[in-house]
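Structures given as structure tokens follow.
The following pair of complexes shares a single chain, chain A, combined with chain B in the former and chain C in the latter.
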Partner chain A sequence: MVSLIRRTVSRGFLALMILIALLPILWTILGSFKKLKDIVTPVPTLIFTPTLENFTTILQNPSIRDGLGNSVVIVGVSVLLGALFGIPAAYSLARHVERKKDDLQFFVLSLRFMPPVAIAIPFIIIYLDSGIYDTLAGLILVYLISTISTVIWLSVPAFERVPREIEEAAAMEGCSQAEIFIKFALPIAAPSLFGSLVFTFVLVWNELLLALTLAAENATLPVVAASITSLGKEVPWGVINASTVILVLPPLVFIGLLMGFINRMVATGRK
Partner chain B sequence: MANIKCTRIRKSYGGHTVISDLNLDISDHEFVVFLGPSGCGKSTMLRMIAGLEEISDGTVSIGGRDVTHLPPGERGVAMVFQSYALYPHMSVYDNIAFGLRRQKVPAEEIRRRVDQVSNLLGLGQLLERKPKNLSGGQQQRVAMARAMIKTPKLFLFDEPLSNLDAKLREKLRTEIRRMHLELKTTTIFVTHDQLEAMTIADRIVLMRAGAIEQQGTPSEIFDRPATRFVADFIGSPAMNFRECSVHVEGDRAELVSGSIRLKVPAKDYRDLVSGARVEVGLRPSKMDIAAEGDVNIISGTVVLIENMGSEGQVIVDVDGREMSFVTKAFRTIEAGQRINFSIDPDNIHIFSRDDGRSLLHAAA
Partner chain C sequence: MQKQRFVFWTLAPAFSILAILALVSVAGALYFSVMDRSLRYPDYDFVGLYNYQRLLGDRRFLNALKISAIWEVVTVAGSLLVAVFLSVYIFETTRSARTRNLICLAFLAPVLLPRVAAAFIWRFLYSPSLGLINYLTGLLGFGPIEFLADPQLALFSVAVVDIWQWGLFFTVIMLKLLETLPRDPIEAAQLDNAKTWEIHAYVTMPMLKAPVISLALVKAVESLRSFDLIFVMTGGGPGTSTETLDLYAYQAGINLGGRVSYASAMSILLLLITTVVFTLVWRGIRKWSA
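Right after this comes the complex of A and B.
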């Protein structure tokens, strides 16, 4: 009986904590389905007629639509190129570099130490001079610093976990270095590599400062969503909420996928 | 024809030399075991022959062909790893067939050969499974099938049984031995388990600190250890060692340590002179309770008896230090009693105290 009470209380407490943590997000989601008059009431309304108006506004608003498109292209391409360069680099570091390996890895990691503000200003000048200011290519270029270094940093341990003996067994069967990488190291490390790509994706998807300083017309979604908040006296709360939901959705889906992969990896590891 | 010849092999990591000036010949069809404590260089030797480890100096030839600088895939060797190293993302069938597919062997031929080896090793039912769904013993068999299917000139085994439980280890040991009798492929097998080496080898190469300490058939190594290290490493229970002083009288030498007095024919040993100090080794399995007429009798107090089933190891306090011997009649002995046990002069090993080498003339 006592244990039952204790369990109920602790569960109730847990639920309360979760509710508190999720409340802002839930409120945002709720708000994205409300009309403006339901949002600005002095007493918050929980019962209202839901509307998709905000989402329609958002998706019909050319700047948000463009922002979404730009985000997908910029983030997609920079993560893809980051993987293309970063994964083979990580494999080489994990397997073939012995001297100065730690220094190299630290250098790669150190690229992530610098606050974006510190590089934003020199980049503006360089970009303006070279004519790639406010272009998709420019943003992709600057994001590559992030994506390549993050992919390398997270993929080295993934390759180090591939048993060396498996690669040696492949070498015994006459496989070349390239074959060992493509047919063995890559598929065996794939679940962890996928995790590193998702992490990298989320990182650049949410990036605001560099996108804000290095682009004007070709802004990404975070920039557009941020700009809506400064539209003037008539703040379109519903639209802001809806844009936030749209902004959060892709990383959320990716993180969900990531958790699935991690769980599966842990499950097979336990076997 | 696949004899192996290693000439003046040296292996250094940076400035640190782990193997120096090692020469080794292995003849065709031979089953050789590299035995030694961990860190003695036996696995490094194997990996150099496989081509997985660069050779700092010297040459390796397989079947008369110099392979020193060939990549592993072109040496005609197959290897079974300690961790099995199965490809986790492929089925058992694909694991076994991978090598043949790379060589562009026709699919029909592959199917036939996979069936053949998988039946030989009892893997017929498991071909569609993934390695992670197999037991340790089954994984081990898949690794063997993968090595066998290529019909290599040389099999290399790197401690293949050390991850298995004792019973399975014994079973697979017999299987590997039987497979060798059938295929007659030259084989090098690395282990640190002396019992495994004794049971499986045609010839044991016993290594220590990057050099060959002794090589020979299992009985040569067991009966005539060339050094104290070999005598200590081989045999279970381990050999008893006593430091003794020597007294020579005519053609007999007496070895004395406290109450122990052992008589041996002096002419069989070199450097046995009165007053010399030597290390004497007595194998527990070569001693027994003293019988009427025995000469080399040792007496002491029984400390405890270890029942090993059909035999028992008796631990005896002799002059304050423990010695052990093995007897079938252990059930009649009780702890605390006085006991006399004896050893045949032929089984007394005498080693130099300086370099640990055997003083027996016949020892290699």
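Right after this comes the complex of A and C.
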């Protein structure tokens, strides 16, 4: 009897924790389908006639549409370039660098941890002076710091997990270094590499400060979303909810991938 | 020979881009921090350490330093406490792998949210007139609480959101780490009639010392970039009660007349603090886990 009560209590506690994790998100999604009069009620409403009004408002709003477009271009290009430069570097770091490896990895990691303000302030002056302020290219350039360093940081362990024997065998067959990398190491490490790219994507997609300082008209979606509150007198909560949902969707799609990624990281972290 | 060329051409482009960008931002910040550049006027002069000197006498800067310190302690300690407590709790009460996976999935969702989105979600929940939380406290008989407008509460209300994102994320990692631990020491302790909390306090947590320290480091450095969350939730207010260093640097450099040189000096100090903390802890981890 006591154990039954105990079990129920612990079940209840866990359920509460899951509720705390998810309810805020679900509530926002629900809110995005509500008319303003269903939101501004003294008692929260669960039953209401859903509306797509908020989403149509958003998608018809030119600044949000542009923000979305800019986000896609900026994030896409900077992650792609991050992969192009970062993955080969990570491979060489994992396989061919011995003495300087720690120093190089420390450098990469320290960039990851650089406070964005310390990047934003000098770059805004340089960008204003050189005329690339408020351009997509300018934002992509500063994002390369994050994407290249994150891709390297997360891809080195992925290449270290590729069995050395395969590469050694390929070298015996007379494959060049480049061939070994492209034909053997890359395909074997691909799943983990994909995970590191996803992580990088989420990081840049979510970024606010650099986009806020280094762009004005050509800002990304987080900047546009952050500025909605100041539109007009009445706080358009439905519209805010809807734009939050749009902002949230791309990263959330990757939740399963992140889970697999954590599993692998933990597994190799403690051999 | 051919191998060396391959190594060079794979490493050189990536590292030169990184080095140039890092150098430009650090050197740029250093250079502008000894000038009196503002965004309004194109010409500027050398002023030496004047900006740094002024920082030390700037109440608002000292306040930001204090807020940042409180923010660091609350969010790092909060996230780790939540992670340790919840992961042990789940580890002990939930045996089925499927349920554990479902819990993990739910706990991973918050950290994936853009900070801007998390900030909006919670601003909505915290709202005194139409927020869900104030409705619930209202049912319990408490009047509407001004979570974000009360200077005493605002910083902690924002910290709750940060812990909501990172504490739950770390819970998942800690749970996975607990699962990888060898069973023998735990079973040995059970044979000695150790209580569950004793097993975790004296057996499993000491075994996880190194990863817990790395998590603390990651969170400590991550907490220094609190800008997104605080900017959207309170904008540093009410007053300056939630204004951290990066927020003040932004306000001074971009918003308030664009005193970029002053902000540069601030970001140099921020960079210095980050680097010192980061290097010390990095060395510490190497030594401990070696």
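Note that in this section the second predicted complex is superposed on the first by the 245 of 271 C-alpha atoms of A that agree within 3 Å, B and C clash if a C-alpha of one lies under 4 Å from a C-alpha of the other, contacts with A are read in each partner's own complex, and residues count from 1 in each chain.
Everything below uses one rule, namely that a contact is a pair of C-beta atoms (placed from the backbone, for glycine too) under 8 Å apart; a residue touches a chain by one contact, two chains touch by 3 or more.
Just so it is clear, the structure is predicted and the values come from calculations on it, not from any experiment.
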{"item": "Side-by-side fit of chain B and chain C on chain A, or clash", "value": "fit"}
{"item": "Partner chain in contact with A:E165 - chain B first, chain C second, else both or neither", "value": "first"}
{"item": "Which superposed partner A:D103 touches (first chain B, second chain C, both, neither)", "value": "neither"}
{"item": "Where the C-alpha centre of chain A sits as vertex, the angle toward chain B and chain C in the overlay (nearest 10 degrees)", "value": "90"}
{"item": "Contacts of A:I119 with chain B and chain C, given as first, second, both or neither", "value": "second"}
{"item": "Which superposed partner A:L111 touches (first chain B, second chain C, both, neither)", "value": "second"}
{"item": "Which superposed partner A:L93 touches (first chain B, second chain C, both, neither)", "value": "second"}
{"item": "Which partner reaches more residues of chain A (counting touched residues only), chain B or chain C", "value": "C"}
{"item": "CA minimum distance (chain B, chain C), superposed complexes, angstrom", "value": "10"}
{"item": "Shared chain A contacts, counted only where both chain B and chain C touch the same residue", "value": "none"}
{"item": "Interface residues, chain B side, partner chain A - complex", "value": "50-52, 71-74, 77-79, 81-83, 85-89, 98-99, 102-103, 132, 146, 150"}
{"item": "Complex contacts: residues of chain C adjacent to chain A", "value": "2-3, 6-7, 9-11, 13-15, 17-18, 21-22, 24-29, 31-32, 37, 39, 86, 89-90, 93-94, 101-110, 112-117, 120-122, 124-125, 129-130, 132, 135, 164, 168, 172-173, 176-177, 180, 211, 221, 224-225, 227-228, 231-232, 245-246, 249-250, 253-254, 260, 263-264, 266-268, 270-271, 274-275, 278-279, 282"}
{"item": "In the complex, chain A residues that touch chain B", "value": "163, 165-166, 168-175, 184, 187-188, 268, 271"}
{"item": "Parts of chain A lying in touch with chain C, wherever the complex brings them together", "value": "10, 13-14, 17-18, 20-25, 27-28, 31, 39-44, 85-86, 88-89, 91-93, 96-97, 104, 106-111, 113-126, 128, 141-142, 144-145, 148-149, 152, 176-178, 181, 202, 205-209, 212-213, 222, 225-226, 237, 240-241, 244, 247-248, 251-252, 254-256, 258-259, 262-263, 266-267, 269-270"}
